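One structure below.
Note that the chains take the letters A, B, C, D and E in the order they are written out, and that residue 1 is the start of every chain.
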Amino acid sequence: TMRLAVTTSFHNSGLSDVLLPVIKAEIGLEVQLLVVGTGQALRLGRAGDVDAILVHSKAAEDAFVAEGFAPYRREIMYNDFVLIGPAHDPAQLAQATSARDALKRIAAAKAPFISRGDESGTHKKELVLWDAAALEVSAFDPWYKAVGAGMGASLNTASAMGAYILADRASWLNFGNKTGLALLYAGDPALFNQYAYLPVNAVKHPHVNAAVAQALEAWLVSQNAADLINGYSINGERLFSFNAQN
Amino acid sequence: MTDIWAGLEAAFWLIVTLDSDLVEITLRSLQVSVTALVFASLIALPFGTWLAIRRFRYRRTAIAVLNALMGLPPVVVGLIVYLLLSRSGPFGVFGLLFTPTAMIIAQVIIITPLIASITHQAMRELWAEYHDLLISLNTTKRQRIMTLIWDGRRALLTAALAGFGRAIGEVGAIMIVGGNIDHATRVLTTAIALETGKGDFALALGLGFVLIALALAVNILIHSLSRTEQEGRW
Amino acid sequence: MSLALSKGVVKRRGKVILGPVDLALNAPDITIILGPNGAGKTTLLRVLHGVERLSSGALTLSKPDAQARQEQAYVFQSPIMLRRTVRANLAYPLELIGTAKPVIAQRVETWAERIGLADALDRHAPRLSGGEKQKLALARALIREPDVLFLDEPCANLDGRSTREIETLLKDAHLRGTQIIMTTHDLGQARRMASDVVFLLGGKVHERGAAGRFFVTPETPEAQAFLNGDIIE
Amino acid sequence: MTDIWAGLEAAFWLIVTLDSDLVEITLRSLQVSVTALVFASLIALPFGTWLAIRRFRYRRTAIAVLNALMGLPPVVVGLIVYLLLSRSGPFGVFGLLFTPTAMIIAQVIIITPLIASITHQAMRELWAEYHDLLISLNTTKRQRIMTLIWDGRRALLTAALAGFGRAIGEVGAIMIVGGNIDHATRVLTTAIALETGKGDFALALGLGFVLIALALAVNILIHSLSRTEQEGRW
Amino acid sequence: MSLALSKGVVKRRGKVILGPVDLALNAPDITIILGPNGAGKTTLLRVLHGVERLSSGALTLSKPDAQARQEQAYVFQSPIMLRRTVRANLAYPLELIGTAKPVIAQRVETWAERIGLADALDRHAPRLSGGEKQKLALARALIREPDVLFLDEPCANLDGRSTREIETLLKDAHLRGTQIIMTTHDLGQARRMASDVVFLLGGKVHERGAAGRFFVTPETPEAQAFLNGDIIE
């Protein structure tokens, strides 16, 4: 068995439920998933409490590698972020030409917006996007609400408040409480969301089960995994694209 | 281990610099918990006492249910309150979701059974002692309850403090109904959960120590006000 | 007020501990219930007052129940002290019926004086001495000036002088019309006080009669033996 | 509202079909909570009783601290236990993190103060009653504690049941130290939190109702075993 | 065993409720402590037994403290019943000192017989009648066969016959060497039992003397008045 820390957004996508049984069947490896915030996942890796992590926050991952906690990072797959909002779309996001434009529309309309506010990969992406739109988050009025919660909880909040929110496509498609919400904007390359696998450095933490971490990595970049990941869809919509380099 | 020290250090700095965010969420924590405690006590103290003096057919079942309700999972309470208060829920029109009021409602539901159960336990003893006298004096139900509450007030303090402790440390329910919105519904526990999720354990622990210090201060304050132990046996 | 118990039975865990008892008590009397330990005196007294429920049989009062209860008072065998000061204990029965504050204060003073606890008014009642508790319980019962007074060994822990004083208090109350029903193990006291005697044995009324006759010529050998078991110098 | 009905329906189907995942996590919930309860009781019952009979200088402070500890935020307890059990922590070598043992440790820490505090409260009354007799009979400390625990056992049941309730409904700490790993450390509360995060309210509520039913069953079972109310006043 | 109290004072909330008392008690006596309600009898008895701490002064025993305490027994003014059966109440003091089970069982039977509670062995002690509780408390004190026995109004709720029986039990124990120190409000009982009298008033020893002399010619007018306050037929 091995322990793998993953982010909530990955787990909420439901892909793990597809992959884990196959992994078990094909290479006899039981993967125990720890579903936590991005920051916490990195912390678990630093402390050597897990054998590998799977997250989506490039800057933080690079730092992790630079500090020597992982020998390298291996990109596995990507999906994209999407802008969700109330179905009647008061900020007219549907007509947005780019992610920046979409955010500007929200700001202009002062429509309620939910921010994850938890320094997760999604939150960091959102901040980058506001930055790109040349908008200053700290100057936003009460319409901008930092909820400090996981993806699902934040979506629940957005649903209850009729607010806009940035989410990853997988979480959105798998989300069960879509009442009143709709996917309003997607497709800008700026919304690209890369997932990477980082095995914990066995030199730093000798008890880490490097062999199985390796085995899992090997499987994750295999053709089998590629087929499963690319083939995973909800309501006919594909969620992830495999992009591991061999 | 170093994290624990870092946490103590963080707590220390947060307090000495009187960090304005910290002050804000601490006050909100206190406000929510104390308000919830007041409402819960207003329900639970008379109810627990009433249960101690009343003999009715399903009394044992009622007590078992009450004890079971102490185990109400906060997350479930949070969910139910969320569903009731949400726009599409029956009380949606009041727009209470994601306000401190919603958090208070959830906490009242969580701590009322705990307070009522401890109250019931304490009042049973006192009622056994007073029973004959109060029956003989032909007291009304109301008078009995008032007498027991008054004379057993020190025992009820433990009940109330247990409720306060549960409220101030609770996170599952208020996270759902409050939403942990910065500057609106963020309290100490939800902030701790957030920092934990961020992996900033030192800050999370720091906030935790602030919370524990707060609970301690409230307890010591109330204990010295009520001088529980000074009046001898009672 | 007249109290009548007909075929009164009290059971505990299936065992009959009192009865069947038929007993009628009338207003002007001082009725003393005598009997050995465990005879059922306390149980009978409680039944008559209505704090103990009958397993079968009936208790009939000459007044409506609610009113009757308001006009009765009871002093328990082991005094029940509210966890309050002596003053608060005395005031309590009056507060319950909404007596005006100044009236309460004044009556409390009077009664504290009468039972010799005027100095102890602000002490915590549960910490009084055994005898002081008994006196307080008595004053608390008398403060509402009840029509019927039930006393369960009210002088068991009192010294000679207090016993005399309490007896005087009770006789005064009786003269003012209070009906008194009490138990005692002090046969001297029973002789001094009783106008009417009920002798209980094994939960049943074994003998009943006017005090004058009972103490001189008890009808049953058991009553005779009981009276002889008394401590006669 | 419809969600609440859907939740009841979900609970119903989960139970009647005896869903194997449900059975597994329910049993694990029970195992963790009951084990934690046993250990916590072994500590808290004697300790709370001891506190009731001992007079020492800082007794009042000790009681205030104990009451304050009832407010220990589960998340903070979880964090501290995590840091202690983590590979880089002092007890890392035992490899207890993310196992049911770790969850039990966290729960013991959370419920011990609650049980001890209620115990202390109940035992004070009994000790006031027994004090003179036990002192006169020249009992040892140990004998006093044993006598009080035995004769006050029905009051201690409330304490234990409060602890059980708190344990079975708790999520913050065991989420952190247990990790909510499927087939390893997932229990009812963490499963509920997970489903809530997925927005699957019906399933979350369904699990919640199962949990409540479980707590209720345990309470009714224990109440009827101990026949609390049948033996009259006591 | 000899007990000596020197300059013993007990204060409550700054008020002296007992003392200063100098008192020496010696083994073969039956010492009766007399005095009006609130005189401090209970307090003195508790001090001598060591359950009440002295605010100042000293208590000296002729044996090491631990051993002395083991050989003393005390019957409280209001009986303290363990919330257990009568049997368990009787067995309790023996269990504490690790007596063998069969010995316990046999002694419990014997004592239950002696106090007339053989039928009540399996009843819940707190639900006994007032007199029955008092008898049980007494038997529980005697079951360890103590060298020193403290009794605080042990017969207050007992009927005449039980009182006689208890007195016989106590005299038997005394003949077997048990030192007895008791309070009572029953002057008849005091006369029958006492070999030595301590008369307390206002927390101080007002008069002390051999029983024979005290009851006939009390030295102080207060003792005289107290004896006259008694109920003499």
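Methods note: a contact is a pair of C-beta atoms (placed from the backbone, for glycine too) under 8 Å apart; a residue touches a chain by one contact, two chains touch by 3 or more.
Note that the structure is predicted; figures quoted are calculated from it, not measured.
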Q: Could you tell me which chains are in contact with chain A and with chain D alike?
A: B
Q. If you walk from chain to touching chain, how few steps can bring you from chain B to chain C?
A. 1
Q | By number of C-beta contact pairs, the top two chains | A | B-D
Q.
By mean C-alpha position, what chain is farthest away from chain C?
A. A
Q) Among the chains, which one keeps its Cα centre farthest from the Cα centre of chain E? A) A
Q: Please report how many Å separate the Cα centroid of chain B from that of chain E, as a whole number.
A: 49
**Q.** Chain centre separation (chain B, chain D; CA means) in Å
**A.** 17
Q.
Going by the contact rule already set, what residues in chain B reach two or more other chains?
A. 176, 193, 196, 201, 233-234
(Q) Going by the contact rule already set, what residues in chain A reach two or more other chains? (A) 36, 150, 153, 156
Q: Could you tell me which residues belong to chain C and also touch two or more other chains?
A: 127
Q) Hey, which chains are touching each other here? A) A-B, A-D, B-C, B-D, C-E, D-E
Q: Report the residues of chain A in contact with chain B in the complex, numbered from low to high.
A: 36-43, 117-120, 142, 145-150, 153, 156-157, 160-162, 179-180
Q | chain D-facing residues of chain A, complex | A | 3, 8, 12, 32-36, 46-49, 150-153, 155-156, 159, 174-178, 205, 207
**Q.** Interface residues, chain D side, partner chain A - complex
**A.** 86-89, 92, 95, 97-98, 179-182, 184, 194, 196-202
**Q.** Of chain D, residues touching chain E in the complex
**A.** 129-130, 132-133, 135-139, 143, 147, 151, 231-234
Q: Going by the contact rule at the top, pick out the chain D residues touching chain B in the complex.
A: 1, 3-4, 59-61, 63-65, 67-76, 78-80, 83-84, 89-90, 114, 117-118, 120-122, 125, 128, 131, 155, 158, 161-162, 164-166, 168-172, 176, 188-189, 192-193, 196, 201, 204-205, 208-209, 211-212, 215-216, 218-220, 223-224, 228-229, 233-234
